[in-house]
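Heads up, the next two complexes both have chain A, just with different partners, chain B and then chain C.
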Partner chain A sequence: MSRFREPTAFQAPNADWQLLPFRFERIDERILLTNLVGEHLFLSGDEFQLLADGALPADSPLVRKLRAKHVIREGSDDLPVELLALKARTRYRRLAEFTSLHIFVASLRCEHSCPYCQVSRQSSDREAYDMSAETAALALDSVFRSPSSNIKIEFQGGEPLLNFELIEEVVERAEARNESEQRNLGFVIATNLALLDKRVIDFCRAHGVYISTSLDGPADLHNKNRPRPGRNSWELATEGIQRVREELGVDRVSALMTTTRSSLDRVREIVDCYVEQGLTSLFLRPLSPYGFAIKTKSFDAYDVDRWLPFYEEGLDYIIELNSQGTPMVEQYAAIALKKMLTNDDPGYVDLTSPAGIGIGAIVYNYDGDVYASDEGRMLAEMGDTTFRLGNLHRDSYEEIMLSDALLGPLEESFTGSAPMCTDCAFEPYCGADPTYHHATAGDYLGRKPNSGFCRRNMAIFKLLLDRYESDPSTRALFTTWATH
Partner chain B sequence: MIERSVHFDASGHSLDAVQRAAYRLSDRLSCEISKRDDTIEATLFLAEDAEDPEALIAEFRNEVLDQALRERIRTETSDIRNLVLALAFSKTGLTDTDV
Partner chain C sequence: MIALRGKTTASTLAAPLPHSVWKLADSGTLDTQRRSRAFLLDGGCAAPPSFNLYLARSTDPRDDLPANTVRLPPELDYLSGGDVLSVSEDGERIRVLWRHRSRQNSILLTERCNHYCLMCSQPPKTANDDRLLDEAFELMRLLPRDTMEIGFTGGEPTLYGTELVDLLRLCTNLHPEAEVHVLSNGRRFADPEYAAAWASIDNPNLMVGIPIYGAEPARHDYVVQAEGAFNETVRGIVNLAQLKQRVELRVVLHRQTAPALPEIAEFIARNLPFVDQVALMGLEMIGLARANIPALWIDPTEYADELVEAVTLLDRSHVHTMVYNHQLCLIPRSVWPFAVRSISDWKNEYHPECLRCSVKDDCGGFFFSAKYKMSDKISAIEDGQAEPALLALGAD
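Here is the complex of A and B:
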């Protein structure tokens, strides 16, 4: 008797195959297929026709390819069902975690007067625009009502360092409370760094606080975008970045940029600026269609079709830098690639469905108002309070989290039941973003064929897939970004 | 406004597939859909300055075919889709049957 069974014994007992749920999109001459959990493959037109007609020969190499990607299964094969279930469960695991990012607006005051900023106030009136200790204590109660095992508290503004005493108090009280709660607790201060001093540095060192700052590119561009008395925003920001790197560690500071019309022709200089500062990641962000950005016409200064070439040039330049040995990650691509190439979901609020508003991130405003997202509070500053869920001084946690202002947009924007999204091959990578669509289309869903959000993200997904498929070294780089 | 009628055999195309195709292209055309006996009629309205009206109408026809295929995939795989999702969300504490 043979020690091993004949190879035929390992073949599927039945050569017949069945379709598994998948979606497709025609891209140029090829067809992109994504399975139930977003794993993808490309087919030629002829191959797709064979699949569509049910005429795929059982011994075709394509059958193995399609089985590997859970697009088809052999008749009696249960494994694909179990694997898809496991992967789907991994993908949606954040839902059970609930709110993990809690944003405290420590002060609305700011010494900058950036034309694209939606919320800041030029004021010395602390009573009017700073969060009080009483409000912060209520916000902290709300933070620990979230069942999430990972809690991140982010201080925003205005300029939150203008109310640094409150930051100190919240961090210390949260840490004390966490001795019994035992959550994975972290802190971030989103600051322009102009007010960074020894007290802030020492406190951040003692409590493991991370710094997130804004760097829009070279000095002239940054200072034009971000005016302040002395016209030295860039100098203060870059000095601050270096100081944090030296005194707290290179990984303790990250930077974000915002694209204005003046940035559109300068993406390489912007990337170079980040490299010169020793930063290893940047986030090529378009301007948000909210608040002052619309009022000051900054947003109208360019549209998606102007922004996409900027993004493409920036991404290609970053790929080129990496190939030459200079490490740099484009953060939006990294978020999308994690969704495209792994079964994990980074939980980025704009790219989740159900939307991340409230259940992924929540905002406690300086005055106790609670917003479903940072963009929601920006809209409120312009008089649109659609995304105000309640007020910490008046409403209970249950009233806030079960409010129609939260449940309505969550339900109505869900891409699993949204027209066009349900059929879209990119849906597993994309998000609902009811705030964007409310601001631009007047309802939580928007009409996707006219949606700038849809157009931008579809173009980015196609771009990433194109670069991933066309060059082995870029494929390796993207895999690193996705699994980082 | 350019107006063109396109007809589909109702035995091979559903109203839903034609509606979904019209929605997908609704940034470039508008559409009235009616069904009479065995025929679905889609009346397409294109802007007078539409770049290539014939190509857009051909794109609409192809999109209806793709939507018909998507419908078939949805129907054929709906049981297994439900099975996978039921399995994925079992014992998570998120569904009534867990408690």
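Here is the complex of A and C:
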């Protein structure tokens, strides 16, 4: 007789399985299950029936899969709960370090006149539309009230380089202050690069400032989106990108695209443009429904269902490029995949819950108004000041951060308790977007069946899961994106 | 295969030896410290005075050995000054505790264990062997200050409880620069107090290697033949990590574990991503593994896909991953950069086919025990360029 006991000796004797918190969604023939922290697995209909009926056997490949993913546990077994708690704590640990991104609207003025832009002004009146040194000093006080050990200050506009003196002053003051604060401090200038010159380059080199710019794709598309005198926005942007790469370093510049109706048939060309510029990431963005975009109907011109094929084609093309040795990351997928495949939540403002407004990013407008998000500032430009939290000249940090304008939407939009979100298998991957739903549905929650946000994100999660499950090399690529 | 124990063929002991642990001195190691020194006679040279024990090689020409001399069996003739031995009271049984020329010494602390793993290379025994622990304490005092690597193994060393902590504290205090590696099943660390005692050793060079054989209890508990093992082991790993202790996870690959490798890797990446390293280890066909060949044997080429997937997932999740004990010709080239020469020198062998292989020097080769069962797919690689293989800590 063997000294060894058979595998059956180690199975759960009574099949006394208890369900741990999980959610599910039927996708074609299979059932997607996600556990409390977003680990996923697919079951067949028959397997799911066994689980639902409480008819699981003592041991089987199915039982092992469900136990490994912390969907079920044996009655007396506390370890799965402890591990779930550990993973959930990891996922939410960022909340204690709130507000790491601080946006300074250095100037509303811009020499571009983009039709979808909600905020910028063609003006030479510096008094009226530039942030003053006094306002910037108050904003810096607010920055360092944030408990976050990572602080990023981003200069936006308009075109912030039109008020470069202010950028210089804020950077130098922040650095001086950080000698005692000892935060992990970084700076970004979001610019169209048209005004890039030696002074800017030298300053960015000396202070480690990063550049974020706009690149919508091929020259004709970009220049159509972004009119300026000379019709040379693309030429100036790409020259600027190369200059920053060569004079500051390849990793010091990144680009964002705006998607318009004209982009929809041209995603491969757009990706190719990024590859040609030597960029290794791009963000296939939907067009936001705010500001002039709503006014001019350039948002209504296409809806989520027209955008999704654009995204799918772009994603597949990027996967193909990677498989052929050209590295390129699609940033939105990378954010979603981090939430799907790791215990981390990158806290991306538009895809996190509690929402990222105020506690992920905060906006200091040129005039001292404080907004919960960049979109909130754009709504205000259209006359809707719902997301204005206060003004630096009038209100204290406490009054701003504890204002109803911030706490109300944070609480009401939380996906852990939002109707339909609480039952959604994708909830761990998704986020709350009170600004979007306020703008489109009139309240912070929205009605999920009508929500373009919900529709778009559900489709993206399904697409990512489908590609992840279908091929080991895509699985490896997605793991890299999720963990980079 | 290098022998680590033997029986003497003749001895001239006047009285039972006063203690068991002896450090060898020879004519080349003039050492004024005489604590626990035995002198290794060189050829026909005269024995220097004042040693309590002398050892003569089997080739020593003398028929009449000097007083208090033990003659080594031929397989231990390789011993030299600096090595440390355990010699039984009557001089008959000799065990090698430390070979100073090797970087792969592993110190056996006990043969008792609360697991009975299907593939155990060191089948557990029940007899009290506390003397192994006593010898380890003495060994710590005899090792030179410049010792760089010290490995402890069992059995299950944590069965000693706080005595193991005491030993490791002594090791840490006497050899602060040494990398110290302990093999344990990790269950004892499920007790937070024990984990805290371990952490109080406060040695940044201390790492514990803990095996994990599944992503849920049924598979792991079957492989280690102990109910409740998985839960305690995983809890132990978490406790150690929370105290910032270094942990290596070890997965021995055989028919019961290799097919589940991707899900084990996924479990590690998601639940235990904080571990310092993961070692995916080829099976050593010795001990209980030999008795279980039908249940355990799987040709490494059969789990090539699972190995690639697991290594890729772990590596991209930033978990430092190594593949131990695998012959390069049996694993996909994408895994080569993770392959480590991990088989201890004293039981390392090569196949005749290896002699014409271009990557032999980078390959782990075989366990001596591979003669009992090995893949029939071994074949020389003619065009190989392997990454330089690393030397493993806590080698097997």
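We take it that the second predicted complex is superposed on the first by the 469 of 484 C-alpha atoms of A that agree within 3 Å, B and C clash if a C-alpha of one lies under 4 Å from a C-alpha of the other, contacts with A are read in each partner's own complex, and residues count from 1 in each chain.
Everything below uses one rule, namely that a contact is a pair of C-beta atoms (placed from the backbone, for glycine too) under 8 Å apart; a residue touches a chain by one contact, two chains touch by 3 or more.
Remember, predicted model here, so these are calculated numbers, not experimental data.
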Partner chain(s) touched by A:Met420 [first = chain B, second = chain C, both, neither]: first
First (chain B), second (chain C), both or neither touched by A:Gly45: neither
Contacts of A:Glu82 with chain B and chain C, given as first, second, both or neither: both
First (chain B), second (chain C), both or neither touched by A:Arg3: second
Which superposed partner A:Thr479 touches (first chain B, second chain C, both, neither): second
Which superposed partner A:Leu19 touches (first chain B, second chain C, both, neither): first
Chain B versus chain C as contact partner of A:Arg64, first or second or both or neither: second
Intersection of chain A interface sets (partners chain B, chain C): 82, 86
In the complex, chain C residues that touch chain A: 116, 118, 214-219, 221-222, 225, 227, 230-231, 234-235, 238, 263, 266-267, 269-271, 273, 292, 295, 305, 308-309, 312-313, 316-318
In the complex, chain B residues that touch chain A: 20, 23-28, 66-67, 69-70, 73-74, 76-77, 80-81, 83-85, 87-89, 92-94
Of chain A, residues touching chain C in the complex: 3-7, 9-12, 39, 59, 63-65, 67-68, 74, 77-79, 82-83, 86-87, 342-343, 472, 475-476, 479-480, 483
Touching residues on chain A, where the partner in the complex is chain B: 18-24, 26, 36, 52, 81-82, 84-86, 88-89, 92, 95-96, 419-420, 423, 447, 449-450
